[in-house]
């Protein structure tokens, strides 16, 4: 579950719903542990009794959002983005700034499936590069991500 | 909870008991996620319904011991030892090879309390350096670690 | 200097020229240390007596290209991409696969300028996101990167 | 070359001499890039025209000592200690606090030879563990380290 730390309702609402649906399906929600989209997804999972894991950039837990069951202060700064991806079986990206793009790119590099809701579009030489699966709802994103994760 | 991946009963028995007692006290057991002392502590925590977190050196979960609730493949190799320490509020070291020593040293460097059962002894210029709290039982180690973690 | 490890002449030729021009201007060439675009840039810098630094994903130097003055085996796997960016004052991206995109995104996230030659194009919601400076030649890319790095 | 950032002349004098002798033998001096023993070794190498590489904990070069030819801000915090070890063929430890101990331990874990001048002494169960080669002078330490590195 990747997405920006500061986010508008158009991003936090689908993230909340993604968290709920992942928890209902028994999936662990892994994220960067901060606010915005990350917090919304954790809150959703928490409401449904799901497990939430946050890999924090700093060295203490004070920056963690309140919906993390397990908060890991990595002390690695933004390099912890690579750990969020490594820890996941599939990545759902909601909206996103450059940090989210770095996670999408890293996931694609290491062969993890990426499903996007209103996130980055990629092209090279004017040709669209269709590496991110697109979902128009939280329900669809979770269904795709879980199916891809199982393969 | 740090200790070697291959370990004799003299190390796995106290580790099992440390895991049980940490879980009974509601503490999360964080470790490197592999076998030996790590697995014993996770098994103990798991028996008592505790939460266990393993930060694995490699890129997939296949190397994880079976008692991890949350397994994070970091892909950082042995550098993940620093994450195990960062993730903990206090470190309990049982027995130990050089990997365990690196975790003890890193914990002392970043100011996390370390309690040892049958682990490394440190000296400089022939003078003992008394930085590791010594415990003679799992019960004593857990009591000390939780007290130090709360400070 | 970021770009793919396997690359066609359309990418290695500008990379070679980027390396030469960076060295002529006294800049250190930092890269991921492998082949393709990375090797071409190092070869160019080396021809002009420049300093080259390679931050390798693995744990030994055997994978290093032969034009590195300093090769650092990081053992961090693909997470070393974040180090390549941290080590640079400005990033020049030539062509690129997903690994290169992760470096571009990470650079933009942490506020390092990025100059691209034939590399990724980014958009969101159908709107182009113009975060990468475009250069049509190695000469132009180096001039832009050095100017941006000095700010 | 590992050792504390704040150090007394009894540590910086041998470190300076270690740096000089490594440079005379054509070896690259790799260190954590800060002051104290690290700076002394770099200054020594620099006096003899050697190459010096500093892997800094923070995200900018302002903390680097002035004798680094190549300064890499890693942004990994103290976890960069593992990189210093990975980058080296042999480790010379002069004096040392807990950070130095973490580097010694990590080196022994990953199989790199360690030569010590006035540094940590290790024991387990009251038995000395003789894993660090001891040198009584910079000359001896460099000779041992280079011989061990070549194996």
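A few points about this structure:
A, B, C and D are the chain letters, set down in written order, and residue numbers restart from 1 in every chain.
Following the convention adopted for this analysis, a residue touches a chain if its C-beta (ideal position, glycine included) is under 8 Å from a C-beta of that chain, and two chains touch if they have at least 3 such contacts.
Note that the structure is a prediction, hence the values are computed from the model and not measured.
In this assembly, the chain whose C-alpha centre lies farthest from chain B is C. Two chain pairs are in question, A-D and A-B; the one with more C-beta pairs in contact is A-B. Averaged C-alpha coordinates give centres for chain A and chain B that are 29 Å from one another. Computed from the mean C-alpha positions, the centre of chain A lies at a distance of 40 Å from the centre of chain D. Taken residue by residue, chain A touches two or more other chains at 59, 75-76, 78-79, 82-83, 110, whereas all remaining positions touch fewer.
For chain A in complex with chain D, the residues that touch the partner chain are 59, 75-79. Partner chain C is touched in their complex by these residues of chain A: 78-79, 81-83, 96-99, 101-102, 104-106, 108-110, 118-126, 129, 131.
Those residues of chain B that touch chain A in the shared complex are 28, 30, 51, 53, 55, 59, 69-70, 72-76, 82-83, 86-87, 110.
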